[in-house]
């Protein structure tokens, strides 16, 4: 995968919480996408990752930044079923959409594999053109995260200003086939 | 229940984790007993209650203070099954024994009822004579908890010094029947 | 003062620490300027303001963002003399330049007055064109601060791309170094 | 000095804050004495030591535990004068009595020397008989501090119960104020 030009892999999802219909990364083209990959029984996710994702959701306008959770269970599968996750999201007052990563016989779920994540929490930033721009494993300072999300928001604004000219070019808006839009 | 003289109610337990055989409050007579009542999806329990109980375990000698967890599930019962609890205890590295409070048709488990707990986390201190001495609901400062546990440890030492004389009296060592010892 | 178009007031400074020669806001035109106004005996400044300013310094390149401290003493003047400040900066390992706000017979120092600060800590963001863009009083989340500093950094990059055209205009905010003012 | 039997050295004090008349360790015999040795520009003292001492003051009854601050300045002497200290105590809302350790030509003040302190913060526990029982350098958990202070409070209660018998002996811990010994 060439991070500079290729769009990120689409999410492989078993089911969604906190959203009315399934989302795709492709359909979010035009907005910055923040993905918080977590496990509900991962202490670092609970203490730092999830609250940080919620702070991103609370500060940036939904029209600029989409925040998604991704439940990437690679251990204790029976203990972190969708039933348990649903209660977890309610108790921790998570309001952004959360996808359950599709299970795989290897034990590591499919999206986790396609993004080559090293563990949880992993925080992923996708720019408005659908390209992977940051993938952090572990705890990251809020100052850094706030800055890097805003960098992509501002780039997007630039892109939109240029958009009229760019849309005449032949290679604009590269994206995968089945969901990509905007 | 007269807190001054009566022993605390015995625990009603479905199963235990982190211990080889079932424990009873009665069998712990002679040691201070600290009970951390929690739910694995209760944010205050995870952030404050459980780590505090572990700090008590780490500081006080096991011969002076017994630390027990009690999983008192009164909501989201399906989400906090023993299978999920077991993974939780492993991920959060809880090393002290944890009992699962016996379920009740009302939804509030039996030990939670007999101690009239108001919710989770609840931290309970039982003195070496088996009497209830403190029952805190919510977050309590470590300084206070450390002081009050030590108060009971020191009282116990006094009691043991007096024990030779007292055992000759007729009313010494009041305790319930089926487990009381020491 | 029209915040949209006028440059911010210049700093009124008694002396500087951590820099070889006096700085002016005017001379920093072209870079984002972050001003942390504090008092060395203000608990909120010590616990939150100063460490946050240092984190800004540590993350953003010096060529993009200038971070300045401003010691705005409006109480206990004898207790917070430059001698005490110098030791404070050393003990707290503050590495960015710090100016001592010029005293005034009213007790409130001059820069504090010209920026109409309400107290300490106050965090001020000045864009690359020298205009006041944010002035926060009290504690602000790192996520917000990181985002808003980056917003101005990115705007600056845009401005620089446009700069060739803009410099031909008669009313562009270019100003000389040491005298630029309202 | 034999810690088991000898009373701790008396404080060498230049001046006091937050108390109407000078205190001595000797005059506090019968109460547990907690001494927080600090410097007002020591980050660990400000962040942890002073707030912890205040929590001890807030929880334990004054009749059981005396809490004293000791300003042991061994660096930046000009920056931490009594004038600066007074403002510091007001801003940080320190309500317990604070002594300024008597200066010495060596730079290390006299009480700091007599207690062989390694730096600041140092937390010292003196039992009700005036003996040194704990001297911690650096950050100590609240749970530990709360427990160890209570240990001495409870020991004191035991001592008082025995006091009637003990006062018949010739060398029992009766003592005058400023020179007291066991």
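Letters are used for the chains, namely A, B, C and D, taken in the order the chains are written, and counting of residues starts over at 1 for each.
Operating definition for what follows: contacts are C-beta pairs under 8 Å (C-beta built on N, C-alpha and C of every residue); 3 or more make two chains touch, one makes a residue touch a chain.
Remember, predicted model here, so these are calculated numbers, not experimental data.
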- Note on the structure: Common contacts of chain C and chain D, by label, are none
- Note on the structure: In terms of CA centroids, furthest away from chain C sits chain B
- Note on the structure: Chain centres from averaged Cα atoms put chain B and chain C apart, in whole Å, by 54
- Separation of mean Cα positions, chain B and chain A [Å, integer]: 42
- Message: Can you work out the whole-Å distance between the CA centroids of chain A and chain C?
- Response: 35
- Among chain A residues, those touching two or more other chains are none
- What graph shape do the protein chains here make by touch: line, ring, star, complete or other? ring
- Note on the structure: Listed in rising order, the residues of chain C that touch chain D in the complex are 41-43, 46-47, 75-76, 78-81, 83-84, 86-88, 90-92
- Message: Considering only the defined contacts, which chain B positions touch chain D in the complex?
- Response: 52, 55-56, 59-60, 141-151, 153-155, 158
